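Listed below are the structures to be examined.
Shared between the two complexes below is chain A, which has chain B as its partner in the first and chain C in the second.
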Partner chain A sequence: MMTCGWEVKFAVRRRKRSSAIMKKQIQIANIVVGLFILTIFLGCADKPSFQFNAVSKKEAENGTPFSAEQSQDVANILTALFGTPDDPAMPNVNSFHWYLQYDEGYAEDFATLVDFENLKRSAGPVSSDENGDSRGLYREHCAHCHGISGGGDGPTALTLNPYPRDFRHGVYKFKSTSGKARPTDDDLMHIINEGIPGTSMPSFKVAINDNEKKALVDYVKYLSLRGEIERLLWTMTSELETGERLPLVFADGYDKLSEEEKDNLMGWFEEEGAKVESLFKSWLKAKTSPNVKQPPTAPESFDPKHPEHSTLIAQGREIFHGKAGDCKSCHGFTGYGDGELNNYDVWNQWAKGKSDDYIAEFVNDGALPPRTIAPRNFRNGVFRGGRDPNTLYRRIKEGIQGAQMPNAATLTDDQIWSLVAYVRNIKSEPITGGQSHLPVNDKPIN
Partner chain B sequence: MRTLLRNLVCFSLLIFISSSSGLAQEWGNLKGKFIATGDAPKAVELVPDKDKAACELPMYSRQLLIDKDGGLANVVVFLKKPSKAVPVHPSYKEAMSKPVQLDNLKCRFEPHILIMTTSQKLRVKNSDAVGHNANITSFNDDNSHNPNIPAGKFVDLEMPEVETRPINAACNSHAWMKSYILVRDEPYMAVSAKNGEFEIMNLPAGEHTFQFWQENVGYVKKASAGGKTLPKGRRAEIKLTIKAGETLDLGKIEIPVESIVPKD
Partner chain C sequence: MSTLDERIRSLEESAPLPSANLKRPFRWAVLLGCVTFPLIWAGGLVTSTDAGMAVPDWPNTYGYNMFSYPFESWFFGPWDLFIEHGHRLLGSTAGLVAIMLVISTFRNSKNACLRWMSVFALLLVILQGLLGGVRVLAADRILAMVHGCVGPAFFAFSAAFATVLYQNSRSVSAVSQPTRRTKLQTLTICLTAGSFLQLVLGANMRHIEESASFHWFRLLVLLHVLFATVVLLLTVVIFIIRRANGKQLESIRGTSFLVTLFVIAQYVLGVGTWITKYHWPFGSDQFGVFAGLLTLDKSIVQTSIVTGHVAMGSLILMTSTVMMMQMFSWQITNQPNKDKMIETPTNRDMQVSSLGVQA
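Showing the complex of A and B:
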């Protein structure tokens, strides 16, 4: 129902691409288009809505489904805070003052987190304005993979491996900030510009202009924040006593309450309020004072022309396979990325240790079939966050958030640089260690 | 003269107040024993998919440990996160300045549940011959770490933020390895032992709000002592009065097994 507008567009696209041989498909597409147009006229909502996070809702339900009212309350609160896909809003932090103990100027800071005009431009249906500027950017470029709610669950998601990023965790892998810190605008911009090699995320470097990219960066942050708050709301709903409802004044109306009601409400937010506050602050910090550490200068032998370069690679090899780094534990003895295949990343964590029946119920409710982790296969020589030395240094030094790659807490700078040199070189390292084929293999096949 | 008198009165009052507040801080203890009621389910065996030589086999899940008398281990008892600082008894001072250790031993985290204060460093050690890591996930960015710890090495981590409830630590290369960490400003917390017993020493006398936490359910809502349900409300709060110089013994605290069985 909610995606009517868009499925029409898809059918039309498919039609455009069809060749003469596919006349039958065109006919079917025509019928599909006709049917959809018909349903629109017959009253199908033509405005898409945000979808619930099926996984976090079901996890919070823990076997006892929430009532229709309880779910509706979550939807209403989210709409009050973040608007709709056609009419976005950012939470008015002034209405949170009763539990966010923010400092002077916080509201002004928060207003700088995203540019509201950028949100308006990214949201809504695909169109262009009187200046010829494209609008509805997210639906034009992103939603088919990342989904209308940023859940990484758009119509094409199921066919992709890896799945598109689910923004609703606020977790990003390829970034310049330390540890769990959120990505900077530049980090997100880098992904939009360069794409993610080895995945279905393309480069938008020339496809869209800089203002459009900036608008999308802000929209991704908006979807992240919205998704993170939604997850909190489901947890809150799970803690309700029988017959109790979430306080709808979450978004607004606090000042109108009696003192007793205010006290009662504070009780609600003693934990979640602190979490909302830390969410806001984390995103703000990445915008205003990100914790970005520049990698130290690489040793001279990092230069492939340097006579000691092969020694550096050999050092890296020892760390990779030895106890100091133990990279092989996940990336495998040959670097094929097949050392640890039974674990789950942050986005698939809900499936860890669960039975097939349990997982099937989640998938039935809209979750993508879970996948176990795939530690990077170095034999392809493709690095998702980019292969430049500084980027790889950061991946090893800081680990990869969400992906289960730990940070090299005990390695020295030089040891890390040797690992960078080694992992860049694995693709050209013979698996047999330079040994030629064994006599048993000396006959051609056939 | 009048001013002098007033000053004198003020001065003596001040002395009285300061000395009385100095003396006023008195302490008491809290103890109890968790008993799981009902039939204990069979322990779940954990089958490692690698590094078997480093593990002590067979290995069983610790998410529900009940001894033969029903004693329930690994229930965390703590003061509900206080809104202002709670006085700390001097006997805690020394321990609170030393690192607290989370070991990787025989492919398990030791201890399974660790309690620590923000003043302590978290020493993540690896006593095994294989590599481990400790992926600590918190809402607080500053408490989230995922250090790789090579065999025989250790890493000291800062845990500067207070957590409302225990947070998770997992090893990513050994999927069965899991533990929990509770970080607080004050040291008033305990983890029930194998026989279900716990004790918190030297709490400031007065009324406090406590919470019980168990990894399969979070806040324990179904817990009763002497036929009376202890936790109240959404956050399962337990109001208790600690009397100076006395130990408040909650006796047997019964938790129905079915309320804490993990869902799978």
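Showing the complex of A and C:
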């Protein structure tokens, strides 16, 4: 069979084209396989371990980085006191010989702060047994957002708004205790149980049982305490002379030290140990004798059906906009939460008034990019800590710890109740002047 | 160029081999796909409910042989044990069906490529089982992620094999082949690759280590959203081209429609997954609908949407793979000693297959 020249040319051209397409397909396949392998290996992470609090460390360094030995000392002390994410520990009497100098009975109370079995149950990798008892609860339910160290810097943190809570300050917004007091176990349990509407904090009502929730409450306290001690250790390190190091009494064991070393350490702890002690005591107090004040009974006119209810709301409105309450400066004239928008909460306070370069250095070292506070928008009728009257009364009376919401020290009980009535009603209040929203205000209101 | 002439001649002489016998392995391949899809659902549920470590041993289940584990302990036991053990049993079922597929293929065809494809399917399911087992023994999330990627790949391969068997179990006239192909072939290959890449990115997000960087997770999210858009565009373009070319592309009518439908559904499920798991991402205060939304961890709604998103991803990969396979001809020659799949004479101007098998 003869083959014409044009047929051969056509066949060759076709073959070349076919070959070129095939090459392209192989290239595409290579890219896909390459991306697959790349994502697998880039996604690989080391075994979970506690990380330094990048912000506290950098703030304490104040431009002069700590030596590797100094940083290692802090890591050793923390590991000796609190163990690792897989094998947690709680400081015990042996770790705190120096406490015994102050209060012999303190060690017994101290042991009740958290249930060690709860810690073991919450720590470590996720697993469960044939009876359905789960372990590794923290990693299963919390660590993806709050991070292994409880720094609110888990993998998902940057994509969430607001950021997850950083436990390492020991500060919690929604609690029943007064002022700077630590939250009670019930407060933490409430958040785990009910979640926080309008945020990424879910309710764990159906996900875990009550015993597991209690275990998580203890683990959150453990991470808070660990984080607070770490912050304190960085501050202590910053006060050392160049080349000087923190005494490693926790790490190597008190009993191994010579008498002279023990005496020296006692001298050091007489000054610094009290600070550590106060942290433990504050958590103990929240557990054993919390300072929880019940709100007074609301006035009769608080009932929406009461004929004087509108008067109460009007009083609240006056306080909201007047000098007595001055709520408008943050929450805006119309309650849209569009007042002062350039303030920072306690977790982002390090960025306040700092230059972009300064902030960039922190972010490069592992801090989350700082965000300013968004005052509550009352027009949505949503209150993240709960909208029942008693809870709202407490928020106004005590303020919100960590946020810039101050306590209403000068307002009477009746004034506070009128404010509660007003903020619950703002949602249905008509907006005067046709202005639905203020332009974004980036200037502080004094 | 005598070899080229000979090749062209041989192509002309080789008639496709319609084989009624291949209907049996075809049915096994379809059954394998049908078993694999619920298996993927169950696998998705294992991750959604963190049940992966509910049974600490493997291949046994709490010391029992997997198949002799007491029914009462499994069926009426804890939810995570029910899911994990059920996933194992379904996986074993898929393995058995894969063995039957190999036997059926070897009994009904002497074609080396078909036989190898059936063996490859079996090897894939064995690999998948091993990955699942080692993931449990090593308690390794990275292996869980790889396990989560190989599963859909196996599902897609089963469907691809079923397509090849389907084409060869019918005469040429019965299998209409598209005539406008080259660009569309490339698009379908890109769509399949894009679908798989999306699965890999999604698996990375689902199985991310707790100690991973938040920058890394955000990058994964952004890439996932970016490639979701690419996949959507590819799907729409393919759909429009197919509609514009009517009968010429009749063979991919069903699959292009299904892929489009699935991708749209996947978008809805993707948004739903994020909202039910992580809430509205842009700050909820100015969005009244989301301001008071409270997510309920591991609720039925959350678990169903998230697992549905995973399963739908696999379905898109499978459907796009079938569509890609339909864009090529996989007829087998009846020439003696030509134990290979070749392109049909009527379509010999086609490019060679994406699997690299050529005459």
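Everything below uses one rule, namely that the second predicted complex is superposed on the first by the 354 of 446 C-alpha atoms of A that agree within 3 Å, B and C clash if a C-alpha of one lies under 4 Å from a C-alpha of the other, contacts with A are read in each partner's own complex, and residues count from 1 in each chain.
As a convention for this text, contacts are C-beta pairs under 8 Å (C-beta built on N, C-alpha and C of every residue); 3 or more make two chains touch, one makes a residue touch a chain.
None of these values were measured; they are calculated from a predicted model.
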item: Contacts of A:Asn377 with chain B and chain C, given as first, second, both or neither; value: second
item: Touched partner set for A:Ser203, first chain B, second chain C, both or neither; value: second
item: In the superposition, chain B vs chain C on chain A residues touched; value: C
item: Touching partner for A:Asn62 - first (chain B), second (chain C), both, neither; value: first
item: Touched partner set for A:Leu240, first chain B, second chain C, both or neither; value: first
item: Partner chain in contact with A:Leu158 - chain B first, chain C second, else both or neither; value: second
item: Partner chain in contact with A:Lys214 - chain B first, chain C second, else both or neither; value: neither
item: In the complex with chain B, residue positions of chain A that touch it; value: 62-63, 179-181, 239-241, 267, 270-271, 274-275, 278-279, 282, 323-326, 329-330, 339-340, 342-344, 352-355, 358, 373, 399, 404-410
item: Contact footprint of chain A on chain B as seen in their complex; value: 49-50, 81, 129-131, 133-135, 137, 139-141, 144-153, 155, 164, 172-173, 175, 233-235, 263-264
item: Touching residues (chain side chain C, partner chain A) in the complex; value: 1, 4-5, 8-9, 50-54, 56, 62, 73, 77-81, 139, 142, 145-146, 149, 182, 186, 189-190, 193, 196-197, 200-201, 204, 208-218, 220-221, 278-279, 281-286, 288, 290-299, 349, 351-352, 354, 356
item: Interfacial residue positions of chain A with respect to chain C in the complex; value: 1, 3, 8, 11-12, 14-15, 17-18, 21-22, 24-26, 28-29, 31-32, 35-36, 39-40, 42-49, 51, 125-132, 134, 136, 139-141, 143-144, 147-148, 153-162, 194-207, 337, 368, 374, 376-377, 380-382
